[in-house]
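Below: the structure, in structure tokens.
Chain naming follows the written order as A, B and C, and within any one chain the residues start at number 1.
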Amino acid sequence: MLYSLAIKNILASKSRTLTIFLLSMFTTAFFIVYVAFVNGSHEQMIKSSVEIYTGYAHINAKGYQEESDYDHLIEDAKQIETFLKQKPFISNFSPRFETYALLSQKEKTVGTMLTGIIPSRESGLSYLKNSLVKGSYLEDNDTRAIYIGSDLAKRLSIDVGDEIAMISSSLDYSTAADLFKVKGIFKTGLFDFDSSSAFVNKTYLDSVMMSENKASYFVLRFIDNKATDSYAKILGDNLPQGHEVLSWKILLFDLVQLMQVDSLFNYISISVFFLVIFFVIMIFNYVNIYSRVRQIGLLRALGFTPKDIRVLLFNELLIITLVSVSLGTIIGAIATYYLEIYPITISGLAETYKEYGIIYDTIPTHFDTFTIIWNALSIFVLNISSIFYPIFKINKLSVTEAMRYV
Amino acid sequence: MKYLLSFIFIFTSFLYGGEADDIIKAVEDNLRGDYMYAKMRMIVTGQRGERAIEMESWSQGDTKSFIKILYPKKDRGITFLKLDTQMWQYIPKIERTIKIPPSMMLQSWMGSDFTNDDMVKESSMIKDYNARVLAKTASRATIELLPKANAAVVWGKIIVDVDISNKVPTKEIYYDDQMQKVRIMTFSNIQRHGNHTLPMVMELKPLDIEKKKNSTKVIFEKVNYDTPIDASYFSKNALKRYSN
Amino acid sequence: MYKIAFDLAWKSLIRRKTRTLMVIMMIALSLSGLLFLQGLYDGMVSHMINTAIRSDSGEISLYAKQYRLEKTIDYHIDDPISIKTYLDRFKEINAYAIRLSGEGLVSTAHKSLGATLKGVRLEDERRFGDFDTFLSQGKFDFGPKNQEALIGFKLAQKLKVTIGSRLVFTAQDASGEINAISFRISGIVKSGNLAVDEGSVFVSMETMERFLTLPNSATQIALRIKDESYINNIQSKIQKKFNLLDVLRWDELYPLLIEMRDMMDIFNWLSYAIVFAVAALGIFGVILMSILERMREFSIMMAIGTPYKSIRYQVVSEAFIMAIIGYIIGALLGLGFLAYTASSGIDLRYYQAGLESFGLNAILYADIRYYYFLQAFSAVFSATFLSILWPLHVLKKIKPIEIIQGKIL
């Protein structure tokens, strides 16, 4: 009977019901989208920074991070290739050979990082191919072709088609020297990278550097990059001796820490927002229940016990809240998903972050089922718990006080 | 390589305690205007095994030297020119001459344990260090070299063991600023050439744990003093001209 | 008439204590949270701007044209002394710093790294930007014979050197010769400016002039102009006089910092808007509800002659009394948070590595500016105003007779 009375009450006072309903629905939806915004920005920052060049994980010889020299190379690249090929959770991987070289054009000589890559495999692992601005990207059978950063091209005053001398040391420390033709110029937007990086087809570079079957490290990408940590652990446990696995969290450690600080601030922002929502819901439910104090008094006079009152009001609220929060969640989820695919772009942002090596020009959202459900649940709980205090107070009134409440 | 040789001569001067200044001056005068031609073999041992380089060098005084690589075939014809504190390199494979920028100066020279900087900085030992005799017997002496206040050298200290009768060093230990040993140079196979006594074999060993297997050994195969060397060797044209 | 209305407003609020308190708490707590965040974010940005100005550019910097692109000493300023004499004329210039920098290699027996050697005058730097406060270890001087050096802390870490360590710096001097100089480290500097901390070594101007064989030259002349309003004026005057030089303001040299500041402002504005839009809902709920339940009461008042305006005034007062009390409490709380953070700061040293690598301080200090409270006041005011519009409309529509007769409730 209480249940049907609850429904009747709900339908009877439509405006009241509607108010609570709309309030719950909108706060839920809004909250979900807001949290998604906040989390989304980090996702985007990380994705960009990691995917431009660094990659989600590296496999290198132990000690390479401290001393990145010829004494700490992967000595048998084939062995690592075979090892990695067997792992189904790795979606792409490729070896890189990085070295320091002088690039010289007429009078200007500049020291840069020169890297041998496998162009076809690299395109699935970094933005090198996408960052092309002039000329063309490398191919797997290229020989004397070099792919350089835009600011490096500026420093050397060279353009596509120009010839440039490369001098470095090969693995046995003899002089490695060759003439390369600029095949393409790229621009990632990261000044440090664009002003001191040059790329060559690894197969050819190996012949010049005598680094066949050697690599500085392998760069990896996983089928689910969010699970990088667990994959890294699996790899680490099984790697051939003398090698190690480093996830992007270690490689880009500084970025990770900055994200954490940013998260702290975001949580404070969310807390403030949540606080306001908390009060608004409390106020609304309090006020609503109080506005029915006479009706409740009447029910008490008819024989309802305080417990009955509690159950009745609880049921009313439960029904309304369930429906409204669910609807709100759906709306919020759809909005989040839509914004994840079509994010809002702000142009000024990009330049700011590029200086710090981060590509970030949109305000994206992050669609995460867990977070969404968690958010919805909190609003739900908030709604439900907010009636206890007013009910408690009303039940303390005597029947006659309640019926004649002013 | 003139650097190493002038180094030796400076030590002979320290053997004469208080008359060190006079001796140094005599040695310097002796070195100045000197010509030297040498053919030598450098064996570099590293993590990846052994590698041998054969080269010829021509030098005039402390400031000019010209080096040509003879072997291995891959590097044959590479030439270096040093004039004062600047160094150039010519690579026949790409027919280019480059000036070695400061950023390359501390890269190793030809993969050895010597740096470009070692090659370039010559006979500044007298200018840069104060000498003190630590121990002395009839035939040996140990001398401590501490850098002078303004000397632009990275070493915190160098300890030299000297063979007094032959007037040559037998061992040099290089220390960093924290007085940790960084590298050791040993000298052997002493021979006489005209008025000079010279160790024909020098070996440099870095003491870094990481570089356990590394060493660089220089063996002089032919040495000639005092035959004047044509000035053309010490110009930038020489780099290409004398490359083959 | 209005006094009675006002009294009634107070009494109504007190009668419904819980409701009133909830609204006040809502306003107060959210306000203090927003103020706190705003102060903190602003503090971060102004710290970065301040650091850049103090440790490098000042409010205005002068460079030889092309220097900023090429960064070689070929592009230097001749005779900075005469420029200084000209600048002394301006009372608005509080301090200046003349610097001579060269890029090269800094090395120990074990390692060498690229770095910039900067010739400075320490007393000038102290006056210019309290550079001595950046000192984290050692002494703020170049030793008795002016032959020691200060080094950025990150560079010191990478080279594994400390106070008393010896370093050799190699670079090309004015004639193209490669020159080398050695010095001992007398102090380690932590400025928050990445270029300084990761790649700079400071020596005395005299030493630098000798090293580069460039007497009476500079690569940069930086000026402090503490009063912002004079900056543009002075910049154009100096540029006109020395048209062979680049005369640039700090925001032209660090456009990123301005962007960051603008971004923070947008973020703050958005936060206020969102939070107070929701808060307005709360106020709306309470006010509307209180009107609805007092319909009978108001009807009787109007029937006995109370002017509608008086009742309206009462309702409006109720809303604004809550708002103002909420504002005062919120502002005081916020001020408390900000004052504490502005002096003691928030300790984020756990994240030191990451923060410092982006040039932020590990201990965050908040800014406090008077306009925070103005902004907060207008937010509360607007929210309250908007939230009572509809309830007042409902109030206006009251038909007293019908309510008394019980026809409408």
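Some notes on this structure:
Simple rule for what comes next: contacts are C-beta pairs under 8 Å (C-beta built on N, C-alpha and C of every residue); 3 or more make two chains touch, one makes a residue touch a chain.
Keep in mind that what you see is a predicted model, and the values were worked out from it rather than measured.
Pairwise, the chains sharing the most contacting C-beta pairs are A-C. Farthest chain from subunit A (centres taken as the mean of C-alpha atoms): B. Distance between subunit A and subunit C, defined via averaged C-alpha coordinates, is recorded as 28 Å. Subunit A and subunit B have centres, each the mean of its CA atoms, that are 56 Å apart. Multi-chain contact residues of subunit B (touching two or more other chains): 103. Shared interface positions of subunit C, defined as residues touching 2 or more other chains, are absent.
Put simply, subunit A touches subunit B in their complex at residues 63, 67, 70-71, 100, 102, 104, 109, 111, 165, 167, 169, 171-175, 177-179. Taken in their complex, subunit B has these residues touching subunit A: 44, 46-49, 51, 72, 74-75, 78, 89, 91, 93-94, 96, 98-99, 101, 103-104, 107-108, 110-112, 210-211. Interface residues of subunit C, counted against subunit A in their complex, comprise 18-19, 22-23, 25-26, 29-30, 33-34, 36-37, 40-41, 255-256, 259-260, 262-263, 271, 274-275, 278-279, 281-282, 285-286, 289, 292-293, 297, 348, 351, 353-355, 357-358, 360. Subunit B contributes residues 84-86, 102-103, 105-106, 117, 120-121, 147, 149-156, 174-178, 182, 208 to its touches with subunit C in the complex.
Subunit C meets subunit B in the complex at residues 104-105, 107-110, 112, 114, 145, 147, 161, 165-172, 176-182.
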